[in-house]
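Chain IDs A, B, C and D follow the sequence of writing; residue 1 opens each chain.
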Amino acid sequence: MAEMWINMGPQHPMTHGLWNLRVKVEGETILDAEPVIGYLHRGWEKLTEYRTYPQIIPLSDRLCYGSSMTWSHLYCLTIEDLMGIEVPERAEYIRVVVLELQRIASHLMWIAAYGTDLGLLTAFVYCMRERELFLDLLQSVTGARMTYNYPRIGGVRNDLPPDFERDCLRALDYFEKKIDEYEEIFDGSEIFLMRTRGIGILKPADGMNLGVTGATLRGSGVKIDLRKHDPYSVYDELDWEICTHPDCDCYARYRVRMDEMRMSCQIVREALKKMPAGPIRVKAPRNAPKKTAYARVEDPRGEGLMYVIGNGTDKPYRLKVRSPIFVTVSAVPIMLRGYKVADVPSIMGSVDMCLGETDR
Amino acid sequence: MDLYQFTEGIVSWLVGIVNWLLNWLGFHGLAGWLGSPDVIKFLTLLGESIVLLAVGFIVAITMIWQERKTLGRLMDRRGAMVVGPAGYFQNIADGLKTLLKEYIIPEKADKTPYNWAPVIMIGSSILLLVAIPLSDRFYMTDLDIGLLFIFAVFSITPFAILLGGWASNNKYSLIGGMRSAAQLISYEIPLLLSMVGVVLLAGSLNVGEIVMAQENSVWFIIPQFIGFIVFMIAIVAEVERIPFDLPEAEAELVEGWWTEYGGMRFGLLMLAEYFRGYAGAAVAVLLFLGGWNGPFLPPELWFLIKVFIVFFVFIWLRGSLTRVRIDQILNIGWKRLLPLAMVNIVIAVAIKTLGWI
Amino acid sequence: MTVGVVGARRIAARATRKAVYSLCEHLKNGLSFEHISCVTGVDKVDHLEVVYHVSSYANGCMIEVTVDVPIDDAEVDSVTAIWEGANWHEREAFELFGIRFKNHPKLERLLLPSDLGYYPFRKEFKLRGR
Amino acid sequence: MAEKTKKGKKRTPKLSCYVFRPMYATLKETVRATVHRPDTVLYPWEKLELPDNYRGRPGLVIERCIGCGICMRICPTGCIELVEVEDEQHGKMRRPQMNIGRCMMCGYCAEYCPKNAMIVTPEYELAAYTRQDLIYDPFELQHEYKPGYEVSIVEVLPSELKRGVGEKEPGREGKDRPELSDAKCIGCARCAKICPAFAVEMIQVGVSDKGKPIKRPKFDFSKCVGCEQCVENCPRDALTMKEVL
């Protein structure tokens, strides 16, 4: 067959959102690829320039529906840096708990979508079922299922509900058994291994040069996790490890996310145990000083960074979001070249696309 | 009394009534023509095929329903449950919906092959039903080369798929069609070879005689276990179900070669898919699982029960496995299944030579 | 060029337009800041700014390099040759602020339609409704 | 298990038992789902149990509302508007009207409401036939109150945190307050008229040259809710908000 360009997207089952992957194929082999994004561009950064600081928190939830907590937390972290607010310790611990629950939920959604990409709808339903556990937990804390609007500049919205610790531990115990079941379905299946092993190789040097972060980079064997390397919140007081895998392929990324879910369970347990009493929220000033600030966190998808310029009013002068997937998706041509068209879902699925944060 | 005699009885009775009417009205010539053995035979065959089509249709509908419900339970959900008892009529509702859909032909499609591909597809699938007996009395034809006929008809499908994929003028369809051709052709061979063992043991290509041979000895799944495994894998690939549903791999090729088909054409293709699923499961039952043999229940029922059990295995596979890539599928076909099928033939020859069966 | 430490693992620097490429080269090769996090365009009404956030994997430090760019000659050297990851960030800054990056491999609009005639994130472009 | 397989090697498909492990796992689940009931929540007939603090559409307890407009100011989407309404009990009053079609259920109105008049309700089925139906006037917006529906800000001041104060009851002692710059004030009493909480009182502080009384507003901070309406309506910008930190 001659060379041809195939448009995979903007409406395509592989895309998980609205974007377009132009793939140049010869027969079934991919020669080149070119991601086209921007279908979901809302001008988020411009919108924030017209809103007061607290009003932006629910907006930043909408950056990514899969892990909205991390984004609103990142925003609050940035503004706290800008305003010089010290957050009470209990609030930090509560944040760690909800962030890790959110990370589990986000990874579960990723595995669910990955299963569908590879044609296994059962895994989708199983993972979504267990995600419901964590959504229920987060709902009992925050009052919403997806866009939580929970972190506040200077703390969190409300305290944990009375039975939260018991429910949370119970859910974690149940969930850890379920992870074994997923491993049975995925790792136990020779066909899954065939589809993911040796596919979508991203060499560590390439990954670092391209600015790829998060589980995709850790799947290349690079031991980078901002929770350890640039600790925010109370992550440096907790005992946990960075999960990496040396294989550089889709399977390694899958493995890293699986291990990260286990690690998140461990972090939540420890944070619940160590949680101190005390206030949960500090009053934030209305106006920000004239300076710049930024903060970065380890989003489930990679490194999230927000850069804010305050100008003395109650609205930010400029707020910039560094979205992890925005950079990762610019690196996919390297991962795709030389593989088959059928590998596109398994490679693109393994980087965990989220278009809300990519296009902003 | 077999199906032919049964239908003939009904047809003669109906013709008798009509003839009486015609005679009474004075059309004696027409009545005589209607009463002639050739016309009666033609009408009987027509009636027989309607019965078979109805059976096939009901089985296919039930299979869709079974798939919905079983897949639902596999996924810890409920499946269709609103329309009709346990959602049985959901398929009918879906069929009606597809009938009411707009009839779109893509502007740049090659119209004639685009229109004919579903016809060939559904036609060949229905043709499959002709050669599949439900029991020794419920059959349409008793071909001496029944098995060969079934697989010959099975292999019409890649042609239809390739035609449809090409005519849709869509890159996904084209790739889907190409994949389908490669896959089906490479799976035809292990499929036929795995069948050879059974044919050797039974000493016939006649489906009825193969079942008879199993009734007299053991079900061929026992001496031909390797053959059975090869056959099951190959037949799953042949009827294009997950893990081998590459021609319509939905994650990468949207719907593969069906992408441009909508409305009732899509419905017909879907139905053809299940007709083929039925045929595949039926052949597995006939060759390896003793056909319609079984105690107590009538043989037709036994046959259908076995078919549904085999189809459950298909659904189960679909619910627990991911899709295989095209080069891997060819690898499995040529490098694994083909040698295994050869080994199976050797076993069959050995068993036959030693006279164990 | 000024450099200052602003906090734990936080460095801020201000560079001129001409020096930024060699500075970035030194950051990557000399000081092993191998990860570019972000390239931000800022509209300060009378001039534009480009802000680079570069971090080091070895020690978790992050340096913020600010470069002033005049608004009528908005051009700055591209750092894509140093860090491949800056590619899309620079394209984004180009399309939203009109900052041209010299020697960029493919300086085209990324998020918005390619025939858009203005730079929407500049302050002169006001949102309706608010 | 999987870790033991050699990496980097091109995998050839195995016809080993490897496909049977996921099949066994799903079969277990099937049996479980068939014996017990499946996990589905049959939505129109069954509904999820929602916690009390679930953020559905905002509701209004109209007796508590004082019409201060804080909800209007904090709303990120600008879907709240103060409108004049009338009823027999209270006469004319200004109360929030809400465009539910625009609401994003962030719960800010309930959180920032100083009187807990705005509450979050577990009502989430809000479909309507026209957009006009989605605009809820204050009476439509009313919702039955249940403890747990209200959200309040539980915060400490940064100065208190430094001193080491423990948890604080929900309350608004740390709220921002208006401050008067005496020189600009002309004593027009507009702030006293507009104040929804009746926290401003005009007090005579002296007599002018022409013998007229000079009046200045006096704020009762126990009543003040910090709604800024006096600041906004001051004709001479004599009032500013002072942040309490």
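Just so we're on the same page, a contact is a pair of C-beta atoms (placed from the backbone, for glycine too) under 8 Å apart; a residue touches a chain by one contact, two chains touch by 3 or more.
Note that this is a predicted model, so its numbers are computed, not measured.
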| item | value |
| --- | --- |
| Of all other chains, the one whose Cα centre sits farthest from subunit C | B |
| Between B-D and A-C, the pair joined by more C-beta contacts | A-C |
| Centre-of-Cα separation between subunit C and subunit B, whole angstrom | 63 |
| Whole-Å separation of chain centres (CA-atom averages), subunit A against subunit C | 24 |
| CA centroid of subunit B to CA centroid of subunit D, Å | 61 |
| Between subunit C and subunit D, centroid-to-centroid distance (C-alpha), Å | 38 |
| Subunit D, residues touching no fewer than two other chains | 13, 19, 22, 25-26, 29, 39 |
| Where subunit C touches two or more other chains, by residue | none |
| Sites on subunit A at which at least two other chains make contact | 51, 122, 126, 129, 185, 189, 191-192, 194 |
| Category of the chain touch graph - line, ring, star, complete, other | other |
| Chains touching one another, given as label pairs in label order | A-B, A-C, A-D, B-D |
| Residues on subunit A engaged by subunit C in the complex (per definition of touch) | 37-38, 41, 43, 45-47, 49-51, 208-213, 222, 224, 226, 229-230, 292, 294, 296, 303, 305, 307, 309, 318, 320, 322, 326-327, 330-331, 359 |
| Subunit A-touching residues of subunit B, taken from the complex the two chains share | 71, 74-77, 171-172, 175, 178-179, 242-243, 245-246, 249-254, 319-328 |
| Residues of subunit A defined as touching subunit B within the complex | 1, 4, 6, 8, 12-14, 28, 115-122, 124-126, 129, 185, 189, 191-192, 194-195, 340-345 |
| Partner subunit A, residues of subunit C touching it in the complex | 9, 34-38, 40, 42-43, 51, 53, 55, 57, 60, 62, 64, 83-89, 92, 110-112, 120-121, 125, 127, 130 |
| For the subunit B and subunit D complex, residues of the former touching the latter | 70, 72-78, 229, 316-317, 319-321, 324, 328, 331-332, 335-336, 340 |
